[in-house]
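In the two complexes that follow, chain A is the common piece, with chain B as its partner first and chain C second.
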Partner chain A sequence: MFLKDYIKEVAGALKSLASGMKMTGYYFTHHKEIITEEYPDNRNSLVLAERFKGEVVMTHDENNEHACTGCTACELACPNATIKIITKFDVDEATGKKKKALDTFIYHLELCTLCNLCVDACPTGAIKMAPTFEHSVFDRNQLTKKLNNPGSKIRAGVE
Partner chain B sequence: MWSFSNIANEIHTWLSSQLPPIWATIVEMVIAGVAVIGLFAILGLVLVIMERKVAAWIQIRLGPNRVGPKGMFQSMADTVKLLVKEGMTPNGADKLMFNVAPFIAMIVAMLLMAPIGFAKDFQLWDLNIGVLYITAISSISVIGILMAGWASNNKYSLLGAMRSGAQIVSYELSAGLAILTIIVLTGSLQLSDIVQAQADGWWIFKGHLPVIIAFLIFITAVTAETNRAPFDLAEAESELTAGFHTEYSGMKFALFFLAEYINVFIVCAIGATLFLGGWMPFHIGNWEGFNHVMDYIPSSVWFFGKTFFLIFVIMWFRWTFPRLRIDQLLNLEWKYLLPISMINLLLVTLIAILGWHF
Partner chain C sequence: MYRTTDILTSSTSGDMVINVGPQHPATHGVLHLVITLNGETIKKIEPHLGYIHRSIEKMCESLTYRQFIYVTSRMDYLSAHINNHACALCVEKGLQIEVPPRAQVVRVILDELTRIASHELWWGAMAMDLGAFTPFFHAFREREMINEIMEETCGARLTMNYIVPGGVMMDIHPNFQKKIKEFIVLYKQKINEYHELVTGNVIFENRMKNIGTLTAEQVISYGCSGPVARGSGVKSDIRKLYPYEIYDKLDFEEALETGGDSYARYLIRMREMEQSIKIIEQLVDNIPDGDFQAKTKAVLKLPKGEFYTSVETARGELGVYIVSEGGTTPYRIKFRSPGFSNLSILNDMVKGGKIGDLIAAMGTLDLVIPDIDR
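Then we have the complex of A and B:
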């Protein structure tokens, strides 16, 4: 009885090893699909996965309008103080009321861990992760970025 | 036809006519030594690039492709890099042992080159106990590894060396028993006799199932003996930071690295000699016409073809199987390989006595 189990075990082991080798042997002999990128050569045709997280950007539409209300939810969500939001008060022309609005969205890429918590926290979907990764610069001051475009304002209807 | 043996004979007769016999022998030894070192260098370069390309293709990558055509000079560039690097010796290390260990690893590999027949009548030293010599010398390689691990004064090195010791000592047994099956069939320890016995067919075809089992056990055991994955606990890049050669750098590291690949080549050459007929072309029994056609392929091509096929198989193992745990490793040897190879040896003995092999 013991011998039967022993032989069965050896045969099963050999079979599983053979199936593994068959798989890798198939990859070796069918050298077509390559999962790696020849990065510096294919810079212009580089395709990155949709979920790739390279840096935080703020989306602007064609009228140079963004969806950021300056609520600072992202600033509070950030675990390492990457985001600093400076707000101002706009005067609504129709009603004459004062309203809080975004003045400057400061983003410190050098501190960012790309954890995506700010994007999750944003109630209006104003920021997102961009698939860029060539961030190296000679002066780290250049990594402190202003995300809202100059002269941009909040899109009408976003509260 | 052009062959290595003619070159060797011509050099021998020319030297004998020019010099007294003792000097002729010394000059021949020097030539052989230089040839072996040259072969080492070429093998190191070829095997490293081969390993990286095989690994890349198996993992659906491209592998090195920057230096030279299709990256074929990558290993040369790596060698230049290693040559110009500083060979550091750690402060707490045992200086003498630390510096001697890589050379022991290399010397063992060099000694093992002696009895291997690279082509027809082309062998450095055809001693009559060739197989015993090989098994004896290959056990010395563990000393180099233990020395390196102990002298490094580093816990990872020591752990790697200890694992390596346990591993090599235990797998030597089943490798030896697998080799013994061929000795039983051939009735000689001389490598040239073993090759000659396969003139009418290689042992792996002539010896039925038991020899195939012995061949599988041999390949498994030598993979373990050369410390290659899936038995690379001694090095284990991911857990021991390279094991016994953690503290080595520059050319001293390169010697260990080279010795590993040379050892792979040697065990594959021995495997090819014992089971696949060494330099013997593919012959089938008494088919004279077929055998003559096969004889037109030079014997060195046969030898290197078989050896590189086995090397490819071992590389294939490395990039397919996950690393074993130390208890699994010793279980495999003592509970599976050793009993199976013992019973297998008895079977082969029966076959040899009753003359059931072809």
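Then we have the complex of A and C:
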């Protein structure tokens, strides 16, 4: 009786090992089913999801105009003080009134946790997340960015 | 259960103290174990914590109710979405916000996907702890599909921050349902491979069965939850006991095993993945139309008082306790993390056993160290 159980156990053990090895052998001979992504060799064909949160960017149209009013809602929404908005006063040519406008949008990528709260808070949709991820640079200062293009101004009609 | 060996009771000399960690691949993070050994027998284990303490609770006190949610992704990063969910639920409870049905369903689907992804990673890492390297890649292949679904809808693969008080941040991606159905089909094919590779394997079974046995009394007295408690036959699924969102309307079973050993905990997690698939199947075609976010004020202020909610993460019960003084930031926040209680049972679990079994038994606790330290 003992011997019978013993042999049964050994046979069962060998079978379980064989079935595991069969699986390994299957993938060894079926290279097509292996799905390794060979980054960075596949950089040109790499497609990232459109919503991928890589960094905050400000969208500019072809006239170099953006939609940021300098309201600082994003600065307040940010949990890490990543954004600093510097405002200035523009003089409206038609009426001669002074109007608050964006001077510089400073963005510290090195502090950003990519949480999307600033984009969610922006009332005019001026900023968005860009699907970039290769952010390594040699010096930390290079990660502090100015998001509004030089010479850009606010799009007409955006309040 | 291990009997205390003779060497252990008779002699006090000849003990050796060794340190595992804080930098050790088997601890899956910066966990420091001080192990007192007598020969190969473990006499005592003391986990030393604090190496990855980031003071998240204190940090949350200076963040507003919208902002603090993202930090909690960094606690138990493998159930990041479920952590966010717990926090949002607590804020919603305080503000009495009604979450639109669409958001509820999307939240639950993503919760369950997170649970599957977490258990899959655990499965791979568990097998790696026992010396098998291949299962890790099998697990990551399926996990990758979940990560892609997350990436498309939430914009991130691990720390999503997709849940906001009142709903979810964005509407689901048009491909959301299609991708999930593809995943379910693939998963059902591949789960057999998991069982073939690991579950029935003789080496694996011999190293798991009757190792690290916990009784129901021990589990309850240490406050363990999740698969660790259910492996010893203690009903502890928050989704069943205190249903939140739409869990009370769903048809699923709480996986229960009575063995209490490592193998029972292993089976629980495998069965939980199946139950999660079952939940997703029920919901994926029935996502109601409508808003994905309730209208909320720009600045959230919780009324004065104390609020507590708990959810079932992949590791057990996560509780969020907020004390509000009526301001825009919490006065005090406390997280009851499942990992901390589950780790504290480690000494009882492996005492008297052999050091070779320590890693195998610890692996079935599914520890995530940032969740323990916060």
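We adopt the following convention: the second predicted complex is superposed on the first by the 123 of 159 C-alpha atoms of A that agree within 3 Å, B and C clash if a C-alpha of one lies under 4 Å from a C-alpha of the other, contacts with A are read in each partner's own complex, and residues count from 1 in each chain.
Operating definition for what follows: a residue touches a chain if its C-beta (ideal position, glycine included) is under 8 Å from a C-beta of that chain, and two chains touch if they have at least 3 such contacts.
The shown structure was predicted, so the numbers you read here are calculated from the model rather than taken from an experiment.
Student: First (chain B), second (chain C), both or neither: which does A:H31 touch?
Tutor: The first partner, chain B, only.
Student: Quick check on the superposed pair: does A:G125 touch chain B, chain C, both, or neither? Answer first, second, both or neither.
Tutor: In the superposition, A:G125 contacts neither chain B nor chain C.
Student: Just to be sure I read the superposition right, which of the two partners does A:T113 touch: chain B = first, chain C = second, or both, or neither?
Tutor: In the superposition, A:T113 contacts chain C only.
Student: Given the touch rule stated above, what does A:G12 touch, chain B (first), chain C (second), both, or neither?
Tutor: In the superposed model, A:G12 contacts chain C only, not chain B.
Student: By residue count, is chain A touched more by chain B or by chain C?
Tutor: Answer, by number of touched residues of chain A: C.
Student: Name the residues of chain A shared by its contacts with chain B and its contacts with chain C.
Tutor: Common interface on chain A, chain B vs chain C: 17, 20, 23-24, 35.
Student: Spell out the part of chain B that touches chain A in their complex, as residue ranges.
Tutor: 54, 57-62, 65, 316-317, 319-321, 336, 340
Student: For chain C, which residues count as touching chain A in their complex?
Tutor: 63, 66-68, 70-71, 134, 141, 144, 148, 151-156, 159, 161, 164, 169-170, 173, 193, 196-198, 200-203, 205
Student: Would you pull the chain A residues touching chain B in the complex into a rising list?
Tutor: Touch list, chain A to chain B: 10, 17, 20-21, 23-25, 27-28, 31, 33-36, 38.
Student: Show me the residue ranges of chain A that touch chain C in the complex, using the header's touch definition.
Tutor: Touch list, chain A to chain C: 12-13, 16-17, 19-20, 22-24, 35, 48-53, 77-79, 113-117, 120, 129.
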